[in-house]
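Every chain is named by a letter (A, B, C and D) in the order it is written, and numbering of its residues begins at 1.
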């Protein structure tokens, strides 16, 4: 008997639940991007905006002005950390709740509302025009990211594809197939597992006997790491490491971000049916906004007055987005047909013309 | 006798069969403590325990493949796919194995499994939550495709599907999951598969539909009555194998037929029915067979989904056109 | 001008397009040094390098999903699925993403990909190697399904498929991969998609077929000629979208139609064509539209596969029946 | 930073290429089942039978008497090791070349010939009547084994499901999904990866960046081990460990058996197109039959005379199987239809009756 291979999974946290820097930091200090704490303020501001937007979207749904909506409550550090680490020319293949990352990249709040409001135009971001839109079929986006990375590598573009998948999504074969391809072909792609502990009503423990989800990277022979997903600095740091590695041509990696879904799965869900309030309360103590705020306050770059001003400003921005959404008229009947093909088949033209006629005839 | 909605009739049938057949196991994503996202399995885990109503990891192809294995080795798996929009990963296991197990092994191994999924649009759901792709399964040899359109038929047909010794894809029209209740006796009585159900008698034209579209089709029947057209309405119920004898009997009497379905038109199940009529009712047809269907497009997001769904008005108009043509 | 077999025309078209468009990438299982199990990619890796003709890991769903990602980000992936019997894992990515990308994003992202696969029976192959399930793909909105039936059409239609800005499933009738050669000019000229090809003129009946069945259908045309029946033979070529204008024009002239395909009958593409005829050619039909197809069974293992495949004899017999009925 | 999980993959070999017991054995000796070397003789006999059968099947194909055939040349130790470790009541879900395991379990040589001869009756084994038949769509059988294990666990039967998948097959999502389910539900199932270094023309190295395939078990949180797949004792030992674990209720495991496909992929393949003869020659030196024979001879339980007698006996058995195969008349036309459903649909009856009539009419 001999040992033919050994592996380990590291866990990284820079800021603890109270926003205090961890005593045991690599090199004894925070990553370079946090050298000047003021540089983190824009990220924090976006986290707050995302959360206020989220609350508003839920309110819209409750009053019948929006369809089913997937909240990002509690995921803000993971999402903004992803967005902040990426370059504009990189490409995001999200699942359906990474608004923080998407806002950072230029997606508009009104896009999000249009999408969940049942209008395809929500997917037609003007910026970032090359990013994939929301992806509902779980884990299918992982392969799009791998494919995008094939394109970047083939076209000699120094770009990286980033995809996000849930803890539940790590049980899908597509997730594994994408990582395996990425490993075999050394693709410039980063897989982020947003482990928020629940897949609707199914807890993380029921998805897999794997102690960590990061270790799923071992199956593909690629680096896997676990980070505190409520720690903005840890997420951004791990992302930057992974992006850098990919950009240098050293291939893919996977990051498991440990966070928690503080909300219901979507507005169509009622989480009290299947999980204990105590667990949620416990998780709430670890949520990302307050810890980031405490850190920034302790560093002297943030205070209560700024917070107040920020909240007022965010409310205005959100209201403006809602107004834009609500003032967007429904698409013309042709829109059902016109984007199916570049070269529309005759039979589809006939269906379109008949439909338009019927709509016009009332 | 209880007044139940369609989705409750599903639960009732599952509970009956689990109580009477130890080999029935119900599973899927969120079917346990959550009772399914539509509550179709509500209370079952409490009643029958976690082992008989387990939540699975999130993987649809896995659900189909494990069902094949379970069915071949003595169980009767009744698996739920959360929405038809997520059913596509099962295609491989269903066509490559479920529908083949019996014939491949000359009957040595069989595959008595049921795959349940809510299907169809009209509930303002997000992208991928409104699919009607029953035709894909209807083209797979060895697999029955069953669609109830009332609480009573949901109960009786689901029992029959579970008891059937071969694989059944059982599609539940979620738009009418809770739209009305009717009395359904919880007596374990199944209803026959492979058979149409005639819901309305008529003499001028035969309207053929299934699932949630039965609602609009029956409404069209009422409206047509007012306009002096007597429409027979048939619920196909089993999409494969089709009860063409039943449909032919009606069309031969009425001489006309309009087929209604929500799925895209091209290569939908309506095409098969129309093709059979074109061949076998040729001498009896007084007018062209027409189809009122979804468009050959992706189901639009919900702001425009109503435009996509065949409406009572479109059915009535098509019928009147057909009447005018003969 | 070279004399080439169908499979060589495929290779020739791939090589032409790779030479003229840097964004075309060819990949799949065993397409590299092995040149594909049918040699359809023979020599391409040698000519264009490993990066442009890579072997993939063994996973079909992966092949489809990565193609979607590549196509959305500036490449033109031309992927091979080794046999149609192994194509089912791609269904999810094709229906959920490939066919939706353009409409989902209102044209912001698109999916110009080609998925090639050899299909059909009759070559004494093992289980799962003889499938004809084009109807599954024909029911997916947003996806073209193209099937050549001669070396020339393989060349021209494949070029058109690669150049088309939307996804194409390109199915190659492997039974006639090498059954004969014809002159095909390697000039990069594409042939139009979405259009039928009339292979034989006739006045009494229209025979509609595609893929390898064109062989038996043309043979039937010859035999019928001898028996005094003038049969027009149409190669559908693009299975979705159908050129119904073209088919209707012929059937309106002949008044009769028989459709031939190898796939199971129930919900096959023949049903769609017959249904359209039942609606739109009603006034012109002199006899029922009949279909000569595979059975609604699993394709038997090869000792009996000939019994399953529509034969020239079955086609002739059906045509004579139809002639007798009018 | 902290280490949150560590893993290792062991490699086991008992007999080296020369059939000599490895110096560094666990407990200093061979496993109990090899205490009496004579007990291994029946296994060796089956390995020889399998190889002679294989050569005959290829010859039949070459002369047009059999369809495409997938050879097992070089895999005999892996296959017979699997078969020998299993109990009758266990359930095998094979891929398409594990004849050695299947013969051990009761499948007849004529069944194999019928199957590759294009006759469904080859799948209708009378023994083992509960085993799955050959599975051509790669890796799909893994889920059948997991499902079978669900049944055994649910029915409180002390049975274990065993499945075999190739190195290529480990790239399929289904393989991973099956392991993940098995881990999460602690199912009595054993996954054997028959790593014969090639998936048709694609080498193992191109399938995955994973250093070992055994480490793919880590993704599912289940034990994974690598063995010399040409070492009958190592395969059987690892199988027995895994079966015992499963039977005790301790859940699934995975075994990567390192072997080599000495033949073409199937008779439809020509491996000289894509691999070097030197590599094949090198692998041939490690092939399982001669090393098992050398071991048994060294132990004094086998000699050249026995070998000669065995080969003659095997030839007879193979000839008898071929005769049985060749004398099996083709099925009646009804057979295409009669096994589709227990309750045959009316439309299918009509198709059947018409077909039978046409066949009878000639």
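In the analysis below, contacts are C-beta pairs under 8 Å (C-beta built on N, C-alpha and C of every residue); 3 or more make two chains touch, one makes a residue touch a chain.
Treat the numbers as computed from the prediction; the structure is a model and nothing was measured.
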item	value
Centroid-based (C-alpha) most distant chain relative to chain D	A
More contacts between chains, A-B or A-C	A-C
Mean-CA-position distance for chain D and chain A (Å)	43
Rounded Å distance, chain A centre to chain C centre (Cα mean)	40
Distance from chain B to chain A - Cα centre to Cα centre, in angstrom	36
Distance between chain centroids, defined by C-alpha means - chain B, chain C (Å)	30
Residues of chain D whose C-beta touches two or more other chains	120, 137, 171-174, 177, 180, 184, 206-208, 335, 340, 345, 347-348
Sequence positions of chain B contacting 2 or more other chains	57, 59, 61-62, 85, 88-89, 92, 96, 103-104, 127-128, 141-142, 240-242, 266, 296-298
Chain C to chain A touching residues, read off their complex	25, 51-52, 54, 56-57, 59, 61-62, 64-75, 77, 92-93, 96-97, 102-110, 141-142, 164-166, 194, 240-245
Residue numbers on chain A that touch chain D, as the complex places them	1-12, 24-26, 171-177, 180, 183-184, 186, 206-212, 214-216, 218-222, 226, 251
Touching residues on chain A, where the partner in the complex is chain B	67-68, 115-120, 134, 136-138, 168-169, 171-173, 199-202, 206-208, 268-269, 273-274, 330-331, 333, 335-337, 340, 345, 347-348, 351, 355, 358-359
Chain C residues within the chain B interface of the complex	61, 85, 88-89, 91-92, 95-96, 99-100, 103-104, 127-128, 133, 135-136, 138-139, 141-142, 240-242, 263-264, 266-275, 277-280, 282, 285, 287-291, 296-298, 325
Contact footprint of chain C on chain A as seen in their complex	91, 93, 120-121, 123-125, 129-130, 132-133, 137, 140, 142-152, 154-155, 161, 173-174, 177-178, 180-181, 184-185, 335, 339-343, 345-348
